[in-house]
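In the two complexes that follow, subunit A is the common piece, with subunit B as its partner first and subunit C second.
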Partner chain A sequence: MNRLLLKDRAAIPFDDLPTVSYEAVGDIVAGSLFGGLRLVTLFGVPEERDIVRLVALFADDAQGTLAVTGVRTSRGATLPSLTPALPAFHLFERQLWEEFGIVPAGHPWLKPVRYPHDAHTPRRIEEGYPYFSMEGEETHEVAVGPVHAGVIEPGHFRFLCDGERVNHLEIQLGYQHRGVEKLFRNGPLASKSTLAESVSGDAAVAHATAHAGLVEALGDTVIPDRAGLLRAIGLELERAGIHLGDLSALCNDIGYLPGTQMFAVMRTDIINTSLALCGCRFGRGLITPGGVNYDIDDRKKDRIARTVIRIRDNAGLLAAAVFDDQSVLARFEKTGTVDTDTARAIGLVGPAGRASGLACDIRLTHPTDAYARHRFTKRPLRNGDGRVAVSGDVYARAFIRHQEIQDSLRYVLELLGHLAVAKDGIAAPVAPPRPGMIAFSLTEGWRGETLHAAVTGGEGETRRYHIKDASFHNWFGLALAVRDNGVSDFPLCNKSFNLSYCGFDL
Partner chain B sequence: MVAHMLNILFLLFLPFLMLGVMSRIKALAGGRKGPPLLQPFFDMLKLLRKGAVVSRVTSWVFTVAPSLALAATLTALLLAPGVGRAQVISFDGDIVLCLYLLGLAKFFQLISALDTGSAFEGMGAGREALFSVIVEPSLFLFAGTLALVSGATSFGALFTLAQSGAWPAVAATTGTLLFFLLMLTEGCRIPVDDPNTHLELTMIHEVMILDNAGPDLAFLQYAAALKMYLFALLTAALVLPVDLSPLPAAFALPAVALLCAALAGIVESLVARFRISHVPQFLFLTVALALIALAASVYFRGGVA
Partner chain C sequence: MVLRLLRARWRHGWQAVPDPVTAQVDPMFRGFPEIAKEGTLSAGTIAACPGAALTTNPVSIDLGKCHLCGHCARAENSPVRLSSRHHLGQTRRDALVVTAGTSFEEYHARAEKGSDEIRRLFGRSLKLRSVSAAGCNACEMELNATTNANFDMLRYGIDIVASPRHADAVIVTGPVSVNMADALEDTWNATPAPKLLILMGACAISGGLFAASPALDRRFFNDHTPDIYIPGCPPHPLTVVNAILNYLGRGI
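Here is the complex of A and B:
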């Protein structure tokens, strides 16, 4: 057996993990086995002595299944790099090299991911980072960060430019050594909701949902329908709020005042609705393993519905005006394009992937809880040309925000309607994690696929906790998007992805 | 004498008031109240009281450039036609000195930006230089056309003489448009530049003054505002009637300046900024306008007056 089929949020005994050769992992993705699956994550689980078990998780978006397989190797081993043929492995192999000293032989870009050098041979001073460079009469390098002009997180961007044109952008992250995955291992996993919310603060609900789903999978807990509905409402409000804020920021980056101001006003209304839901505008404290912490009564429900209807209609009108404005289109269209093949090869996820024409959306392909019980649907909006925007440029990534705001708010209204019949409580008791298991939990956060995975030990304690935020490989998408664009268009491209630094610097 | 005093008084306040009007209009368009109209002036007073940090890698150029740029721009403004087209300083050919003083100010700002050794400032200076290459010929061409028609080489006389008939109508139209576009360009406004952006990679003027602080920064900000005011002055000189009595003239000038600012504010409230690679195309419009004025002078006046 080369791989094990899973349903979502599934837990299997860790010992049941199949063992294959590392090349076979590549074959699963390349399509020579099972028709080609999408790589979701690849991480190592340290075992006794120097043994490292690699765990690879794949998704079949057409069938709505997950598959998992394992590789037995050891620290310091050399494996043939899969990256040259399958770029989606690029960061995962770098991560394995950094964490366990496993050398992917033939990796074209073997550099540290989150440490000054590689954590396997730690150095105190950041020195000798192997930056790319370019020689030429008219070439120059522009270094931005890690300390930025705004109050944002650290990240170093190095542009190799030919005049105003960007030949290559090198993004170096990993300045915050937060040790998040390690913190999850201290104490009972069910008590880590607050930590999960802090993985990436702008996707608090998404990470808390993924974490809660993981705890429930490990304990084999089923949450009440009402809890699932409230979770989904929180998640969709988070998505709509961030998308509105991002549309405002995109307009701000091109100096388009009407969009900047009015989308920002709507964002405030939406995040204030999250405040009404759980006492926090960013949805913190809503999710708990087993269900949710807050219920809403009919009065609050009606108030939320009224706000959501108003914002849905206003955002639709405003977006129609913005995406019809020539000066806006002149900036958005054909800026920062990632074509479908590139997007698939590097494994783009979330709105960025969908804007490039990929059909990846966990809510549709791997639905859980409310999304499984109350089917989430999309109503594709046509742009000015009468087509669905999948051009992979800033325009498509902005337009998809508009599309998703409409879908999310409409879904919130449907869910609010279902609340009237779902009266089965807001939380179920959570069973403790079963020992010796490995579990995965996938959630479609606003940024895309959010994965939490855990391996439990003999007493049900957490042996390994692994997170993959959508930002992890989407950052590479940004680097490819800005190639051959004007360096002055970088902020616009960056904002259209709006990726997380802390979701990367785990 | 009164006109000169008024000119100098306007020089001190009107540029800031223009900035204030622009930001007030943008605020109103965005549904905000906006800062006081004279906030840019208060900001400058605040900057004048502050100290400055000077980077160790810079040379004397960086130290003298702000004062030099402000001095050159102020002198250029004294040569420009003010209330009733009266110039504080005037002589034959002052128009050439005025335009070259602006060039001198720009030159020192450019090399001062390069002097910091910052990649950002280098890019900003490159963009500013490129845009100037297109903008300056159009200004010279238009001024040259006026000189050709009027036979004068002093600002006041230049505008006074070219006031009646078919050609002046063309000149007033193309000139007003030209000066407005130049005001947006040289004033670093949308759609050429975005004065409010915080993104260094997209900046032009803002990034060139990134390393300046305190009084130096105040000087550069004032010089930038003065340049915008200069184009408002030229517009006023072009469109205001020649036979205006002194009192209405004293009111008409600030009215034109604030109207220009209001128009710029409206433009900023409505359109997005151009992609930088498209700005030169837009700037060639100024050259086209100057050429239209020149062609019209040949057509209506048979060339040289």
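Here is the complex of A and C:
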């Protein structure tokens, strides 16, 4: 047996992990190009002496299952790079090289990922690896960052341009590296909710839910139905709030100011609803392992429902005006396109993947808690041509935000209705993590698939903590999207993805 | 199409907070901690504080480290109650410590105004340059929100600018990673004097959740003393606006 099937959020004894060759890991994914398995993550677990156990997690989105396998190798070992055939591996292999000195022989562009403080590769970002360069009469480079013009996180973008046209964009991150994964290992895992919320503060509910799910899997805890409903309400409000903010920012980048202001104000109403729910506009403090910290009474339920209905209707009306405007379409359509084959090959996830035609949504393929008990459904909205937009361009990534705002807010209203019958409390007692286990927890955050994984030691302590934000796959999607576009369209492409720097840098 | 847009504009109405100085926030907001003189916190509660902000005898909370997560306030028989008072800005690091019995009025009175020179120069026009130094994007989004149609900090002449060359103040978010230490120093040096240094959020003020991480480099603060501290995780936009207005002598 080369892989072990898992139920979602499952924990298995670490010793049950199958051991295969590294090439076999590639074979499992290679099959996925024909409808098999998708690579979710690949990470190393350091063991005694210099041994490193690689853990690879795969998703079968059609069957709704996960599979896991392992590779036994050591620090400084050389493995045949899978990247040339399977681009989805390229950052994972760079990560293994940076963390453990494992060399992927034949990797096309081996350089550090995030310059962690304890890496064996160059520590300081200035001493790092060279960038691609290009020669020619009209060619030039544009270097941006790490400090950007707006109020956003830091990162470095290097554009190789031929006149106004971008030939290639190289994105170098790592400026945000805070050593998050290691901090999860200090003290009891169940006390790390606040840290999980800070992995990427704009997706606090998603990361806190993934972390809580992991603690629950390790302790075999089942949360009350009511807690699941409140978690899903928090997640969907987070999604709707961010999507409204991104539509505002997309309108801003094309100088469509009514959209900028009105979507931004709708976002304020939605995140103020999160504040009314749990005391924070970003949903911090809502999630705790075992359930949630705050309940809502009927009065608050009605207040939330009224706001949600109002914003759903107003956002729908404004979006109908925006997506019918020729001056908007002229900028959105055919800008920053990632086609379906490319998206699948590089492992795009979340709304960006769906806008390129991939059927990736953990809420549908691997539902847990409320999503499993109260089926989440989508009602694909038709655009002006009567088609569902999966064109993979800025238009599709903007239009899908509009769709998801409607889907999320409708689902919040359904969940609020279910609260009337779910009266089984808001938190269950959490059992301590079982020793010697490996567990995975997947949540569909607004950016997409959010994975937290942990390996426990002999006393149930956290031996390895691993996080994969949706941004880890999707930054490369942005780099490919801007190829052959005007350099001035970069802000628009960037906003249509809106990826996390700190969720990537960890 | 135009009619739909006009209808949307009609429904949008008037959204600016009428007076950000006197505006209240939702009672659920976790703001100023009121600590009763009686009662204590268990060793377990103190150990579980994510920012290590709690001390006992007497019970006190360092708002420079506190993430306002509410964990200690939810403990059984806790002397801590998080009120929704959101005017939390301070001008000295030690003024951020709230001890059992400290009232909000006492706390608020500790915040000092800038010098006459500062108020003359920046009282009606203050331009901020933001540096996110490993911030998680929550502080950054709240800083952005101060300029949206709701909070509209621009009504006071306070704005965020794209270049340090145009700025009167540098506002730092995040705990300052090793990989951002040089960029922060460079941005500070590129800002013309006289200039203010503003720290936004628990991570910027103390390292916060990440204080123990070897991936931080906070030596910048050995050489530069902040003028304004804005606690929170993230601070509410109204907390940010009022901390700055107060320093400029335009608050309450």
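Criterion: the second predicted complex is superposed on the first by the 493 of 506 C-alpha atoms of A that agree within 3 Å, B and C clash if a C-alpha of one lies under 4 Å from a C-alpha of the other, contacts with A are read in each partner's own complex, and residues count from 1 in each chain.
The rule is short, and it goes like this: a contact is a pair of C-beta atoms (placed from the backbone, for glycine too) under 8 Å apart; a residue touches a chain by one contact, two chains touch by 3 or more.
Small disclaimer: the values here were computed from a predicted structure and weren't measured.
S.K.: Please tell me, clash or fit, for subunit B and subunit C sharing subunit A in the overlay.
M.R.: fit
S.K.: Subunit A residues in contact: does subunit B have more, or subunit C?
M.R.: After superposing on chain A, more of subunit A is contacted by C.
S.K.: Quick one: is A:82 in contact with subunit B, with subunit C, with both, or with neither? Answer first, second, both or neither.
M.R.: neither
S.K.: I'd like to know which partner A:304 touches here: subunit B for first, subunit C for second, both or neither.
M.R.: neither
S.K.: Examine A:265 and indicate which partner it touches, taking first as subunit B and second as subunit C; both and neither are also allowed.
M.R.: both
S.K.: Between subunit B (first) and subunit C (second), which, if any, makes contact with A:488: first, second, both or neither?
M.R.: first
S.K.: Which holds for A:279: it touches subunit B only (first), subunit C only (second), both, or neither?
M.R.: After superposing on A, A:279 lies in contact with subunit C but is clear of subunit B.
S.K.: Of the two partner chains, subunit B (first) and subunit C (second), which one does A:325 touch, if any: first, second, both, or neither?
M.R.: Both: A:325 reaches subunit B and subunit C.
S.K.: Using the superposition on chain A described above, determine whether A:149 touches subunit B (first), subunit C (second), both, or neither.
M.R.: both
S.K.: Answer with first, second, both or neither: which of subunit B and subunit C does A:255 touch in the superposed model?
M.R.: first
S.K.: If you've got the overlay open, could you tell me the nearest Cα approach between subunit B and subunit C in whole angstrom?
M.R.: 6
S.K.: Jot down the residues of subunit A that show up as touching in both complexes, subunit B in one and subunit C in the other.
M.R.: On subunit A, the overlap between the subunit B and subunit C contacts is residues 149-150, 258, 261-262, 265, 325.
S.K.: Once bound in the complex, which stretches of subunit A touch subunit B?
M.R.: 140-144, 149-150, 163-164, 251, 253-258, 260-262, 265, 325, 327-328, 330-331, 335, 486-491
S.K.: Looking at the complex, which residues from subunit C come into contact with subunit A?
M.R.: 1, 4-5, 7-9, 11-12, 15, 25-26, 28-30, 47-48, 50-51, 67-71, 74, 82, 130-145, 148-150, 160, 162-163, 174-175, 177-180, 182-183, 186-187, 203, 209-210, 212-216, 233-234, 236
S.K.: Note which residues of subunit B are touching subunit A in the complex, please.
M.R.: 26, 29-32, 119-120, 122-123, 126-127, 190-191, 194, 196-202, 268-278
S.K.: If you look only at subunit A, which of its residues touch subunit C in the complex?
M.R.: Contacts found on subunit A: 115-118, 123-126, 146-147, 149-154, 174-180, 182-183, 186-187, 191-195, 198-202, 204, 245, 258, 261-262, 264-265, 268, 272, 275-282, 284-285, 293-294, 314, 317-318, 320-321, 324-325, 500-502, 505.
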